[in-house]
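Common to both upcoming complexes is chain A, partnered first by chain B, then by chain C.
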Partner chain A sequence: MAGTIAGQDRRKAFMLLSPAYLWLTVAVFLPLSAMAYFSFLSEVPFDGRDWHFTIANYRAFFETGTYATLLWKSLKLGLVVTAVSVVIGFPCAYVLAKVVKGRAREALFLLVILPFWSNSLVRIFSWAIVLRGNGVLDRAVNAVLPWDVKLNLMFSPTAIVIGLVHSYLPYVILTSYLALQAIDDSLIEAARSLGAKRRTILWRLILPLAAPGIIAGAVLIFVPVVGSFMEPRLLGGRLGTYYGTVIEDQFVAVFNWPLGAALSFILLAVVLAILAAASPVLKRAAT
Partner chain B sequence: MAEVRVERLVKAYGAARALDEVTLDFPDGGFFGLLGPSGSGKTTLLRAIAGFVLPDTGRVFIGGEPVENVPVEHREIGMVFQNYALFPNMTVEENVAFGLHVRKTGAAETAKRVKEALDLVQLGHLAARKTHQLSGGQRQRVAMARAIVTRPRVLLLDEPLSALDKALRVDMQIELKRIQREVGITTIFVTHDQEEALTLSDRIGILKDGKLVRHGPPREVYDDPRNPFTAQFLGDANLIEGKPEPEGLRLSDGTLLPGLKGPTIAVRPESLKLDTTEPAAPFRLRARLQQRIFGGAMGTCIIDWQGRPLKAVGRDADFRGLPDAGDVWLSWPRESTIEFAAKA
Partner chain C sequence: MSNRFLAHLGRAYLGLILFFLYAPILVMAAMSLNASEFYQLPFKFSGEWYDRLWNNREILAAAGRSIWIAVVVTVLATTLGTAASIALYRHDFPGKRILQALLFPPIAIPWLITGTAMLIFFFGIGIGRGTPAVIIGHVALALPYVIVVVSARLASFDRVLEEAARSLGASAWQVTRAVTVPWILPGIIAGGLFAFAVSFDQFVVSYFLSEPGDTTLPVLIYTSIRKGFTPEINAISTIIIAVSMGLMLLAARFTKFGGDR
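Let's look at the complex of A and B:
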């Protein structure tokens, strides 16, 4: 009897899982395998072009230092954007989870989610209007300060970081919020009754307990930022050449899909390697 | 170690007053039980002493010093929470040591005092465990050890045993009393369980709608509740109402209870005696036995008197010879009658 019921449960579980598996197969596995296949070709196999299998695309990464330099630049960008997002996002999540209540919380949540709901191009171009010389920010600062300052952040790494932080901040706020929400207020009260000051409570209690949420948010930000291309291109201008923009160029401008695919897989491998290397540290922080 | 005093404490949430002019002394080294139904303000009172609730008006003294403007972290209190609030990211030992670390106590001294505290609650062998590996009773003990290791001036317990099952609760009551006696610390605890309050406390205070309605040693409050609410809340009480007449209290069925003033009196269920023949006692009523409930050592009889339900409790042997239902005589000795002050 038990066996039959267990069998039924398994069948039910399989039926419930099958749409997800189907989706993974069609939407993730198939395109990714196609890309993996392309990355080993000498030419895009369209329009009857000649092509053969090669590992030249992967070799290209190692033959010149350019790609590695750009990848390093992108990784640094990822670290900076992640760090800035956590520094801005965690206090925000803390206020949302532990300080404000009711209506005010709903309103703040809406403001946090807003970047998700706006078109990314619109978002980036509105930053361009704010950041450029003689733009909104420049004028505002000059209106307040008595001396003359030239403030042109446009086409600088700062502009890229600002744009990316704005796009990805909600991730770290939402994941930290969930982790903070799960911390019972009585823990904080207990710490206070034992004589702990706010700073001690933050370092000894809140940060360790919220660490899993912060880390999840950081990973969610770091991975896409390393491969990002739109913000670097539009807000970085001439300085905005990153690993992600080079990959985009292979697909959109140069039409060298095999090289683009190979570069993408190298990025994927590097990111996975970084996460794997960091996982013991992350796991310790998460328990 | 210190005595605690609250003076004319008021705390309002909107129109509702959680604390309404509460004045109360908690003697040094005593075990004080705050008792009341939910919403009576007992937890608010405890949290006002702790400093989590800031009273609108009134004063709080710990060891004679006013503390209304002292934040929680400087009040030198120990508190045990209903859900224990153990820090899940720390071991048992680290939990207990937390308050000492905060005070920058030296490593040797910390280790010594943590060990003492854990030995006191008989958990020395579990020092290295994470808190989620503990049972409910063990968590309770860790919370106690953590609260007393800093040698606070007062120990506050918020429904400390309510999360435990009945058998464990009784064990922990004895344990709690032992620990409190050994440490000798002024302890104030909140409970809605009257039996727990009677067992543990050497003084109790009963709250209702934010007001303190009665306080004193448990036996005194039990024997002389002074108002119908306390009589019914602490223990059980059959309330009987009548019209005061010069020679006594006249009940609605015409019975005269000689010498009583009324208009309301109460009789504890354990004082009521049931007979099938008319007893000689002067206080007797004709009533109808509706149901007999067997409860092991003790039994309960549900009685209908003039449409009002009354209850009698006694050993099963006391009720031998009674029918399962039918007309009976109720009687009680004069000294078991609870009378209330004119208006309470």
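Let's look at the complex of A and C:
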């Protein structure tokens, strides 16, 4: 193509692309930069208040230990929720991809990922109703078991894990399903006809081939769980103080925005490190 | 163990997962029709909470606000996203891969971080809290989804069709309007439904950006739950879940959801 046509081409592409990317710049990339700037301020610079540059907000994180402990608590929560989701979700994806056939599969698949696109806040709220003492779960368990049990999971770490697994389970089912579907059935047939045991096929063939999908799902779960605050608040009660809820407090209760910005930025660094570490696998899973 | 037995076991397991996913939602829906204010069993049918909901000005106002914000977001995100997708499909230029990679931060970064960053920035430049801020934020969150869905549809579009129309004398704009857009319309509709859902269900970003007393529905629900919940919240929550699931079923009709059809 001649230079002028290429130039015209580029102008058209620019005109079509710039509104979308301008929007993303104003609403996402500039705010993230502003947050980085804010995290080094001593005071919110509005209403003519005195402020100066400081690293005190970051020192608060590294010196007091409170915030680091909470970040660690959130990371552990992320690990537990991710592990439970993978262990529960992978077999489900396997049944969908390799056992169920035809139209039934389509319908079931849709049913499994449908809740993922519905309101997460409302789904957490629904668990609050199920789990509360003398609630539905309590009644159901007591109706089945002959002896009397007091089951009050509400406002416990278990409740938070149940709610989060419920929220994010469809992610890992979706990504594992896509990876499993790409495995040719004849490969499994071949291994079987050569005398491989079921367990060998699972560990040496299916799991390695599905690994990118599983890892992609795990990352997609881990990242938002580490930054969660609504779920611990609603299901954890007084025990529900996590790294995310502390950030929330800085913005809506304590109004220490610079500290909140610094804490958010540290979380962003952790998240980006995880995404970067997983990016080769994520790229493979996307193709 | 025979294969058939294992297959049955697998199906039973799948049923168990579906039970886990849907049971709490169904319980919530049932409780919205239960007469007891404190979720007492045994169940006694009553439509009282829906009646009360109908007379609750605050909830209705928030619902109305949520819907019109979602409509505005859908129009903006779908228009901008479709234009960007067409450009990414038609043109090759240096930096294209970077532009595509830039779509992922809004999806991948936890909304807590994006939401608080928007709050800081919008205050800094004078937009502050409120509906305009919420709309700006929602469009940014919805855009990447629209671009991904529309691009997926464009991938199955045959470029020869555009070239044929061009060689028959159609202008670039005519080609876009009469050839390209009709072909990718299912993708645009699906993208629009996703955008609507992203906005309508969005809690975290709205929470930080909306003005107290002038909030969206999810934010109102969150603050009400923290004050102590009532079956009215069950009723509105049940309606929300039904609406968003209905929307997604509709979107599934217009897009391949990873299934093999």
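Criterion: the second predicted complex is superposed on the first by the 244 of 287 C-alpha atoms of A that agree within 3 Å, B and C clash if a C-alpha of one lies under 4 Å from a C-alpha of the other, contacts with A are read in each partner's own complex, and residues count from 1 in each chain.
Everything that follows uses one rule, which is that a contact is a pair of C-beta atoms (placed from the backbone, for glycine too) under 8 Å apart; a residue touches a chain by one contact, two chains touch by 3 or more.
Nothing here was measured: the structure is a model prediction, and the numbers come from that model.
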Touch test for A:Lys197: chain B only (first), chain C only (second), both, or neither? first
Which superposed partner A:Glu63 touches (first chain B, second chain C, both, neither): neither
Can A:Asp184 be said to touch chain B (first), chain C (second), both, or neither? first
Chain A residues touched by each partner, larger count belonging to chain B or chain C: C
Just checking: does A:Leu32 make contact with chain B only, chain C only, both, or neither of them? Give me first, second, both or neither. second
Which of the two partners, first being chain B and second being chain C, lies in contact with A:Trp127: first, second, both, or neither? second
Scan A:Ala20 for contacts with chain B and chain C and give back first, second, both or neither. second
Of all residues in chain B, which touch chain A in the complex? 50, 52, 71-79, 81-83, 85-89, 98-99, 102-103, 146-147, 150, 156
Residues of chain C touching chain A in their complex? 7, 10-11, 13-14, 17-18, 20-25, 27-28, 31, 39, 41, 80-81, 83-84, 86-88, 90-91, 93, 99, 102-103, 105-106, 108-114, 116-124, 136-137, 139-140, 143, 147, 172, 197, 200-201, 203-204, 207-208, 218, 221-222, 225-226, 229, 233-234, 237, 240-241, 244-245, 247-249, 251-252, 257-261
Sort out for me which residues of chain A touch chain C in the complex. 9-10, 12-13, 16-17, 19-21, 23-24, 26-32, 34-35, 38, 46, 88-89, 91-92, 94-96, 99-100, 105-106, 108-115, 117-123, 125-130, 132, 135-136, 139, 166, 169-170, 173-174, 177-178, 181, 223-224, 226-230, 233-234, 244, 247-248, 251-252, 257, 260-261, 264, 267-268, 271, 275
Would you pull the chain A residues touching chain B in the complex into a rising list? 184, 186-187, 189-197, 200, 204-205, 208-209, 287
